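By letter and in written order, the chains are A, B, C, D, E and F; residue numbering begins at 1 in each of them.
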Amino acid sequence: MLNFLPRKLLTIVTESALEPLLKRDLERLGAEGYTIVDARGKGHRGSRDGSWGNASTNIRVEVVCDAATAQAIAAHCKKAYSDNYGMIVFLRDTQVLLEHEGED
Amino acid sequence: MLNFLPRKLLTIVTESALEPLLKRDLERLGAEGYTIVDARGKGHRGSRDGSWGNASTNIRVEVVCDAATAQAIAAHCKKAYSDNYGMIVFLRDTQVLLEHEGED
Amino acid sequence: MLNFLPRKLLTIVTESALEPLLKRDLERLGAEGYTIVDARGKGHRGSRDGSWGNASTNIRVEVVCDAATAQAIAAHCKKAYSDNYGMIVFLRDTQVLLEHEGED
Amino acid sequence: MQLGPLECRLPARTPAWFCGLDPIILFFLLGVLSGVAQSDLRLPPQVYELLSILLLLSIGLKGGVELAAQPFAELFPQMLAVLVLGVVLPLLAYPVLRSMGRFRRVDAASIAAHYGSVSVGTFAVALAYLGSRGIPFEAHLPLFVVLLEMPAILIGIVLARGISKETRWGQVAHEVLLGKSMVLLMGGLIIGWISGADGLDPLSPLFFDLFKGVLALFLLEMGLVTASQIGSLRRHGVFLVAFGIGMPLVSGLIGAVLGSALDLSVGGTAVLATLAASASYIAVPAAMRISVPEAKPTLSLAASLGVTFPFNVVVGIPIYLYYAESVHKVLG
Amino acid sequence: MQLGPLECRLPARTPAWFCGLDPIILFFLLGVLSGVAQSDLRLPPQVYELLSILLLLSIGLKGGVELAAQPFAELFPQMLAVLVLGVVLPLLAYPVLRSMGRFRRVDAASIAAHYGSVSVGTFAVALAYLGSRGIPFEAHLPLFVVLLEMPAILIGIVLARGISKETRWGQVAHEVLLGKSMVLLMGGLIIGWISGADGLDPLSPLFFDLFKGVLALFLLEMGLVTASQIGSLRRHGVFLVAFGIGMPLVSGLIGAVLGSALDLSVGGTAVLATLAASASYIAVPAAMRISVPEAKPTLSLAASLGVTFPFNVVVGIPIYLYYAESVHKVLG
Amino acid sequence: MQLGPLECRLPARTPAWFCGLDPIILFFLLGVLSGVAQSDLRLPPQVYELLSILLLLSIGLKGGVELAAQPFAELFPQMLAVLVLGVVLPLLAYPVLRSMGRFRRVDAASIAAHYGSVSVGTFAVALAYLGSRGIPFEAHLPLFVVLLEMPAILIGIVLARGISKETRWGQVAHEVLLGKSMVLLMGGLIIGWISGADGLDPLSPLFFDLFKGVLALFLLEMGLVTASQIGSLRRHGVFLVAFGIGMPLVSGLIGAVLGSALDLSVGGTAVLATLAASASYIAVPAAMRISVPEAKPTLSLAASLGVTFPFNVVVGIPIYLYYAESVHKVLG
């Protein structure tokens, strides 16, 4: 009765400054949607706690998409941003509820 | 020593306007808890970036529960909201730390 | 071409008051990074909706790490905090994008 | 068009068409221009909320203080008439939206509800406009705002669904009657009424002296919001723009006639006309989203925020004052 | 009960029991009513923070300016006595909470700490109350707030744990001494003291003229918070309500006697009584949550925010002024 | 060093070295001390934004009102010269940073861009400083802020990349020209210019009366931010500190000479010197993060926020006034 489709769930945590660029990239690379949340954190490039000293806060971007799109987005992030910006990208399987019959 | 129990992790991203209704639904449908975070995003119904033009922002609701409850919540969301509200529902397996012995 | 490494994704939802303590713990226990988001929610200890009555809001802490570190963090949380603070800890598998070649 | 008795008080160096533009309107235009030019200027939502709270309390307190003198019973007939106005306006708008606009039933009902209700921001600009021209008005006008907010929402729901059992009427009423803006306006009125001018004196630096500055910042943000509606407007076509201008011109006239019939002063009549002409962008969208979820929220917001609010604030209010003066000449 | 020298300045039309109610108290009541009626009115937390910052700085600056004249050394005995007051009050509350309230050790200790410490909001209302009645008070009262905040926290921890090695005393002291409210109060005092009235003159529109308006908004939010405690109170029963009213009545009297013994003016005595009677809802809960995590935070907040704050603000302060006047008559 | 005509207006009890310290500087120092002592004091980011918006609009409006009188054409040569200043300063800084600082090309370019551009916070303190000493200055100084913000960014990008095709110049220009601070400053100037002093009168309680209080709160937060840079500074060593003090001393002198050559008054010259000496911490870091992502943002922020801002605000501005007076004596 309920149809769940297998998909990938890709999460990107990176600097807020990248938000406008990343949104453009996601659409270009075929993501049908994304969800963004403001975040703070710590990683190899030190602490980003939203105080000015760290120049900005982080965003946590979540994309539900097929495997190929997930690969494409991850590859682009690695190439375009990961050298110069704080970033972590991680992936897992998920099942998304099919909203309307005959959608897929 | 540490007991992790297998559970489902259900995530619902939808319009903030639904928060009070959804909270009531979750309790009624047997969720033992939930976690909500303010979010923004884009999907089939266009961009919801928190500016007024989009009438509101999104919330990201996370529920750790058993498979049956997850199914019930997903089914209810689909029936009650997904026609008229921006919404994505996705599901995955998780393991939850048993806090107190003999809890399950 | 893209290297993803298998890791654990550990999520802790707990009271905001614990943020400074938890950050110290995570570093001590070997987490290479973490991401924190402000949250609200409900669980066994009642509703924490950010109004004063609930004394505070929640935080949602996410750690990508290896299995041993995840175990250590979960064990510490259970021992040090779960008796006296609102808390849920859950775990799942993930794959993290290797940012720089030869990193692992 | 003759915009009535606007004398140009601005110095000679300003371009003629700016004549009569209050600086607060310039703040609004600054917001619109910045938005259109895609500036990253944005007021934090929390600041916007603070500004709204201050405006609502200021208006309420001011009204309450001056209400003190007034015998309350005399107001009842006026209050009743204003309630009826709130029922009639959406009933007028609905058939136009259905037949000429070809909107679905739910969308027509929702838009009609927006236009039957009111905008406190527009009301505040009208008060400032009259204030800066020294035109007096009745103290109890904020009461009308309170009265006009609710009925159109009920009518809108009935238009969309009929008198359905599914609608949780009690909850709808609760949410509107105890909505933030109602509580602050009514609360302000009552506190002002109890305390009187002397009692409020120590509060006046925050609530009265800052009023116009706060309104200026508020309008800056409203300008940005207006600009953000332009994309939506482009999608929804020319009818929405025409309706967003035509409807207030008609309902403003109805308001003016009613005001005069109720024996309001010229200033009070102009404000009632403005209220009739204004469209909600806070209480009604929130109520419709829950009670009539099939209605597309972007349609009504594009009309209300993208067309009617800027129209009223920049050119509508002088027109409604002109209405009031004319109606008073004819009927008085 | 004779509430002392409250003349009714309000016009005849207001109900008698409103007599003497400052408009800022009406704001508080508006908040309580809105909260109880489940309105969606809410001040954004950031606005609440801005209001607190302004209040703390205003109080500090004002005190500092007037402190200027005073020879500092004379204050030491008073300061010491006030510190002792902060130690004695929680030691009084604890046995009552244990024996009559039957609370667990940790909960009794935590509640006692709340009542030994102070509430700056209550303090601000007391200053406004005396100010509007033209009753003078000492300039250095804000110092007492600073002195009273800390000791009760240490006593509370000791009551809960004994003098345990596990407690990170250094950290507790650091967090309290450098807590936001301490820094702003002390900072304001010092800046006011250095700058003097003339130096602060350009800052007075923000910090002095807006004071009462800011306090009104602050109390509106506190009213909402108070209302949100009612559910919690219902769960925790009648003892907590009795304690939340009885304790301040007793500690207020102790404060009044001490104030008179320290040769404070009637106004100053009333304020010290109010400080003794007030219960913390910011610094102490935060400290207890970390240092005594087994204590249930809802208990102490329900008492402090749900009972004692509203009691003090609405009826307590006039009582403490009455205490001060009586004690001065008896002892003076 | 003789800091010019600072008479000590503070009462005798204040320590001598405080002499001439405006209370707003004390707020800054309070912020620095609280930050260093790891207090949890923090202004919510939304409050900081509100304060910046108010400051920018106040400065713009004030300038615009007084600009009214001025024939616009006369200003063109001055404006051109100021633009050139914005190009020259980063070109001076860059070789120093490369050779003496041994920074990577991208880092040197980015830091140079920060120092070629301006800080509105520093500008506001300079205006307050002159204002409280009754030293007059030109009304159009805010225009210089607008003119100086942009050129250094372009130079910085060219220094980092050459005139690369990859740089989206249009976008860079768009983001800077329509950045929040530019829009508010220019918008304020234009609104002030159109409305004139009379038109703005009802807005003056918010924008003019509160100015110094708002600036005090702003500086409190800036003090906290400054303190948070100290860790970063420690890591990046002594050169950054030396540069952060030496560079403004040099560029301030250049600004003073230019101001005098452009026939500015002593006050105006001091402000231009201050602008030249100030370093950006908002617009430039944002632009560099996108256009020169390889540059480490912590380096330039540590210098600009951790060294130059506090230096200018506490001791720099009196020095630049001294520069202005001296240069005027020599050249005039």
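Here is the rule we use: contacts are C-beta pairs under 8 Å (C-beta built on N, C-alpha and C of every residue); 3 or more make two chains touch, one makes a residue touch a chain.
Bear in mind the structure is a predicted one, so any value in this text is a computation, not a measurement.
Chemist: What chains touch subunit D and also subunit E?
Modeler: Output, common partners of subunit D and subunit E: F.
Chemist: Please name the chain that ends up farthest from subunit E once chain centres are defined by their CA atoms averaged.
Modeler: Max centre-to-centre separation from subunit E belongs to A.
Chemist: Per the centroid of Cα atoms for each chain, what is the distance between subunit C and subunit D, given in Å?
Modeler: Inter-chain centre distance comes to 47 Å.
Chemist: What's the distance between the Cα centroids of subunit D and subunit F, rounded to whole Å?
Modeler: Computed value for the inter-centroid distance: 41 Å.
Chemist: Of all residues in subunit A, which are in touch with two or more distinct other chains?
Modeler: 37-38, 92 - these are the residues of subunit A that touch more than one other chain.
Chemist: Which residue numbers or ranges of subunit E touch two or more of the other chains?
Modeler: Each of 44-46, 50, 205 in subunit E touches at least two other chains.
Chemist: If each protein chain is taken as a node and each touching pair as an edge, is the resulting graph a line, ring, star, complete or other?
Modeler: other
Chemist: So, with touch as defined above, which chain pairs make the list?
Modeler: A-B, A-C, A-F, B-C, B-D, C-E, D-E, D-F, E-F
Chemist: For subunit D, which residues count as touching subunit F in their complex?
Modeler: 9-11, 13-14, 18, 21-24, 26-27, 30, 34, 37-44, 46-47, 50, 128, 132, 205, 209-210, 212-214, 216-217
Chemist: Provide the residue numbers of subunit D that touch subunit B in the complex, in ascending order.
Modeler: 45, 225, 228-229, 231-232, 281, 285-286, 289-290, 293-294, 297-298, 301-302, 305
Chemist: Using the touch definition up top, name the residues of subunit E that touch subunit F in the complex.
Modeler: By the definition above, subunit E touches subunit F via 44-46, 49-50, 53, 68, 174-175, 178-180, 183-184, 187, 190-191, 194-196, 198-200, 202-207.
Chemist: Spell out the residues on subunit A that touch subunit F in their complex, using ranges where they run on.
Modeler: Interface residues on subunit A, with respect to subunit F: 15, 17, 21, 50-56, 81, 83-85.
Chemist: So in the complex, the part of subunit B that touches subunit C is made up of which residues?
Modeler: My answer: residues 1-2, 4, 7, 9, 23, 27, 32-38, 62, 64, 92-97, 99-100.
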